[in-house]
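Below you'll find a set of structures to go through.
Two complexes come next, and they have one chain in common, chain A, joined by chain B in the first and chain C in the second.
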Partner chain A sequence: MDLLLPHIVNGLTLGLLFAMIALGFTLIVGVMEIINLAHGSLFALGAYFAMAWIGGDWFGASEFGIWWASLPVGMRYASALIFGPLCAAAAGMVLELCVRRTYGKAPLYGLLLTFGAALVIEELIRISWGTGEQSLTVPQLINGAFLAGGMIFSKYKFFAAGFAALSIVCVWLFLEKTPYGAIIKAGSHDSEMVRALGYDLSRLRLLVFGLGAALAGLAGVVMAPIWGLRPHIGVDVIIPAFLIIVLGGVGSFWGAVIAAALVGLAVGITGAYAPAWSMLSMYLLLIAVVTFRARGLMGRKSALEN
Partner chain B sequence: MSNSKITRRGLLGGAAVGGVATFAGPWKHNRVWAQSTDKPIRIGITSDASGQYANSGASDRRGMLMAIEEANARGGALGRKIEFMHIDTETTPATGSRVAERLISREECGFLIGAVSSGVANAVSQVAQRYGVIYMNTNSSSPTESGQNCHRVKFVWDGNGTNFSKAAVRNAISTYGEKVVLLTNDYVWGHDTAKSTRALVDQHGGTVVEEILIPQGTRDFSAALLKIQQINPDIVAAAVGGDDQIAMRQQVAQLGMGSKPAWINNQQDWPDVYGLPLDNLFGVFGTTWYYGLDLPGVKEFVDRYQAMYPDTSMRVPGNVFYNGYMATRELLNAIERADSTNNIAVIKQLEGHVMSAEERMQHHVAVIDPNTHQVQQTIYLATANDEPRDENDMFRILTQSDPNDVRDEGSLEACKLESYEDTPAFDA
Partner chain C sequence: MISLSDIPAHGGTPVTLGMGLFLAALATAPFWLESVGLYQYLGIEVAIWILFAMGFNLLFGYIGLHSFGHGAYLGVGAYAFGLFQQGVAVNLWGGLLAAILAAAVAGAIVAAFVSHRRGIYFALMSIAFGQVFWFCAIKLHWLTGGEDGLLGIPRPDLSLGFVSIPLDDNRALYWFVAVVVAVSVLALWRLVNAPFGRVLQAIRQNETRARFVGYNVWLIKWLTFVLSAAFAGLAGGLFAMAQESAYPDVMSLHQSGLIVMMVLVGGGLVSFWGPVLGVVLYFLARDFIGGITETWLLWFGLMFMLMVMTRPEGLAGLIHVVRRQLGHEAATRSEAPKTKEV
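Coming up: the complex of A and B.
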């Protein structure tokens, strides 16, 4: 058990990070019933903008740039946690303005459009920041490792998991306790009824897409120091995100969180004891669940089960 | 005196018979172009532009293009211009096969160049052998590429896992201890490199206490690193490549595990680590070339690179670029020496070809082994440079090994090249 415990802790930490990635994805799928294949690219975009922000790339050797570079890394990193998601949100909203032409049409149109957007964003990243590996600087305080029970853990990974947990709670509170949250939830159940009640459906969709993209961008900023940054990092993200929302039940907030924790545990534990199966374990988990429960862990009952 | 007269009808008939005989005769030619033509020599580039080795693939390609541009500036090869066609092999063997097939049969490429992934290189070489098209495997380094998967048409330019292990394992065991954990990327290059390392560890009195497999595409190494910490080995021998390796390096550095245990990374491709912080460059690793080598020609080579690629984020050429450049240059030289683009003639020029240390910008003479088609060359061991001259100067070269000291005998035993007769003739 002593040997297993660190891997359980590691798996749950990983699960929280996966949940953070999947939340924005599930929000957009839930409200707009669009699978946003550009979600991973928005994740990458948030991370790259944060990296440029922390490094002061745009300010160069100007007076402001010199002053900016003299600020403590912690301050620049903290502000990047806002700046990165804001940029991703802006990109997400632009994407929604394009995607809205596909509402009411066959789902394939939305899929194709978001897939195309993913390719465009990846190329823009390549053009702007090059193809090479980049790293995102983090404050010394949360860098390095600590020992617990004789085992070594990454400080930053625990910080990231804590931050992910906090973000999950904030999003949940927003959805549960605010009028906007209530409208979003209503929109995910019956968007036409929301429109009939006099709410501007277009604005709601724009807001949700922006929020989903901001969450993707935030996950990107938090994950970048762990995974590193490369233009196609979005591809690494989109598959687990998609798998998690299907496993949890499409549109279910807590379903996504629980599914992410399970995926994290599966990957973490198999990574230690059967590493060749660690990537495969998440797919096996999905197959096992949907075989017996097609709607996913907490999904709504569908025609498949009638 | 004959009164025969060449008529227009006779001339056309003769030409028709000649044409049919040329293309339908008992020869095994896949395609015949007239010699002394001004038709360009077309090279198919099979490097990855996406997937795990996209970054290295781009560097590989830049090396080839510089060699092609230099050749064209000299008037091409055999007076023919060199053209190229690139299709992304996506770091996927199945795509590699399709790309090779298309480059040969539809794009009329007479030579293929490029690989980083050994799985892709193997797939490409099988198609190339079927057509008899010469294929330069520039940068993939599984021992199987010049061992059991060798082919008469394929030439391997990078050092392989065994070469790098031979250079590193004995020193590591005598310096750090005998308890070794293998960290192995779960595909052909990782497995074959780990197999070589295991044999060398046994040979030098070490013990492999665990082998941890790392599936391709792994981004979180925590489980493996916790396991390593539980085992507490003296040495970790890692055969993890591409993006996986980058993620691994960042996470090892974050945990402060870079100095203990000792890390041997069989090979280190420059594009994988370029721009990473110093503490990410832990361990000892192998390479075939470094721009900081104090050898004749290196500075000029770097200058030419910088003139051709002024906007590339990598400001100096790395080992992947070097291999891409050398393979292309030597192919074009071989065509010139053969005075032909006939595949068998060019293959014979490449087999056993000796390259001086000066032209290779290495410490020892290199030779293309005629039995395995792998370039036997100087292998360097390097580590992080804690006193860099500038931001590019990331490596410190520790040792250099004579090619004969790090020869992969296993490849020599495993490689069974097809005979010349069993290799279809091909003329570009």
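Coming up: the complex of A and C.
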């Protein structure tokens, strides 16, 4: 048990981060019934913009650039936590304007359109920031490792997990306790009824897509120091997000959170015994669960089955 | 929107304009490829991907199972071919048979899990299984050579019992591939125009109704998946022979997505010949746009997005609509003088 404990802790941390990635995804699926294959690319976009923001590459060696670089890293990092998601949200809204044309058609077209978008965003990242692996600077305060109960843990991973937990709670509060959340939830049950009640459906969809993309971007900024940045990171991220959504049941908030924790644990614990194969465990988990529970753990019937 | 069933059936006789054009292009390609600025190897590549795409369309367009992990079966076929050549014997027919069988078995196992799933759940499960195969290809170093793949797969001679023809030359290989592709496409054509093909479309349109009519829907879906995987395996075997190697890259989500793109851009949802158009367009775009700019995938991706937004039926759908409109205009024009006289 002592040997396994760090892996369980690591797994749960990973699970929280997975949940954060999957939340924006599940919002978009819930309201628009679009499987957004570009979600991982929005994640990457948020992370890359944050990296450029922290580095201040855009200002070059200008006076402003020198002043910017002299600011403490903590300040630049904290502001990147806002800037990255904002950029991702903007990209997400542009994407929604394109996806709009597929509403009411087979879900396949939304899937394909966002696959094309993922390809485009990945290429754009390649053009802007090159193909090599890059990293995101983290303030000293949350860098390094600490010792607890005779075991070494990474400080940043704990910060990231805490941040993820906080954002999950915030999204939940937003959905459950605010009138906007009520409209979004109503929209995911019956969008025609929401329109009939006088809400602007297309604006609602635009905003939800923006919000989902912002969550993806936020997850990107938080995850970048752990996973590193490469142009194809979008594909690496979209797979766990997918698995979690299907495992938890399409459109279910808590389903997604529970599934994320399960996936994190599965990866963490198999990591203790067979590190090379740990990522396979999540596919096997999905296949095992979905074979017996077609709609995932907490899923309900949706148009996506047609 | 138009669908596959709007396009008139031909009663299964392969003597149509489309088939004629296809076979003529396939048979004459080596003579004009170089004079239009292309190269011999492209012909092999395009032919192999046409085979893969048309087999895939059986699943994607005809029965409406949107598989996003189909690259896996191409990969399994390629590895099976390579392993057969390196581990068992250098033999063309044995290798191709191994490729077909391995992919069909892999497809049969996966189909047992997924063929009763529908819509997005099917797509997601097929992605998950595709990733499992891809992951195994990377991690099973002792079998697959890991990320590098199997290198130096020999191109065995084509032995016909009385004569043995070496296929080392790309032109010789092209002829062999072209014959295999032609035979496969004729078989596929026969299949989709037989009652079986009609059942596939019935299932796509309304699965419940097809079940009530009395068809064993699950079995037909399973069988179609296996058939489609077998064609992918054959394409994979040829691919391993052409590349003289097999590597995990073709099994990635990216590649599996690209084949979906090719089939859709070409119009696989509405036409038997759609995938051919899509594959040709993809490779031409790769070579022409790729010759101008390194970031050709950006432009191809944008083109694809535009296509999904405006013409989700793809090129074949566009051709069909244009033809119908022209036919309509011609009909009204010929009628117009008559009404004047009256």
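Everything that follows uses one rule, which is that the second predicted complex is superposed on the first by the 298 of 306 C-alpha atoms of A that agree within 3 Å, B and C clash if a C-alpha of one lies under 4 Å from a C-alpha of the other, contacts with A are read in each partner's own complex, and residues count from 1 in each chain.
As a convention for this text, contacts are C-beta pairs under 8 Å (C-beta built on N, C-alpha and C of every residue); 3 or more make two chains touch, one makes a residue touch a chain.
Keep in mind that this is a model prediction, so the values were computed, not measured.
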{"item": "Partners on chain A (chain B, chain C) - clash or fit", "value": "clash"}
{"item": "Touching partner for A:293 - first (chain B), second (chain C), both, neither", "value": "neither"}
{"item": "Touching partner for A:120 - first (chain B), second (chain C), both, neither", "value": "second"}
{"item": "Contacts of A:276 with chain B and chain C, given as first, second, both or neither", "value": "both"}
{"item": "Which of chain B and chain C A:195 touches, first, second, both or neither", "value": "neither"}
{"item": "Which of chain B and chain C A:185 touches, first, second, both or neither", "value": "neither"}
{"item": "First, second, both or neither for A:107, with chain B first and chain C second", "value": "second"}
{"item": "First (chain B), second (chain C), both or neither touched by A:145", "value": "first"}
{"item": "First (chain B), second (chain C), both or neither touched by A:250", "value": "second"}
{"item": "Shared chain A surface residues [contacts with chain B and with chain C]", "value": "232, 276, 279-280"}
{"item": "Residues of chain B defined as touching chain A within the complex", "value": "50-51, 54-55, 58, 186, 212-220, 222-227, 229-230, 243, 246-247, 250-251, 254-257, 271-277, 280, 312-314"}
{"item": "Chain B-facing residues of chain A, complex", "value": "3, 6-7, 10-11, 13-14, 130-135, 143-145, 151-157, 225-228, 230, 232, 236, 267-272, 275-276, 278-280"}
{"item": "Chain C to chain A touching residues, read off their complex", "value": "1, 66, 113, 117-121, 123-125, 127-129, 131-132, 135-136, 139, 252-254, 257, 260-261, 264, 295, 297-298, 300-302, 304-305, 308-310, 312"}
{"item": "In the complex, chain A residues that touch chain C", "value": "35, 37, 98, 101-102, 105, 107-109, 111-113, 115-117, 119-120, 122-124, 126-127, 232, 235, 239, 242-243, 246, 250, 276-277, 279-280, 283-284, 286-287, 290-291, 294-295, 304-306"}
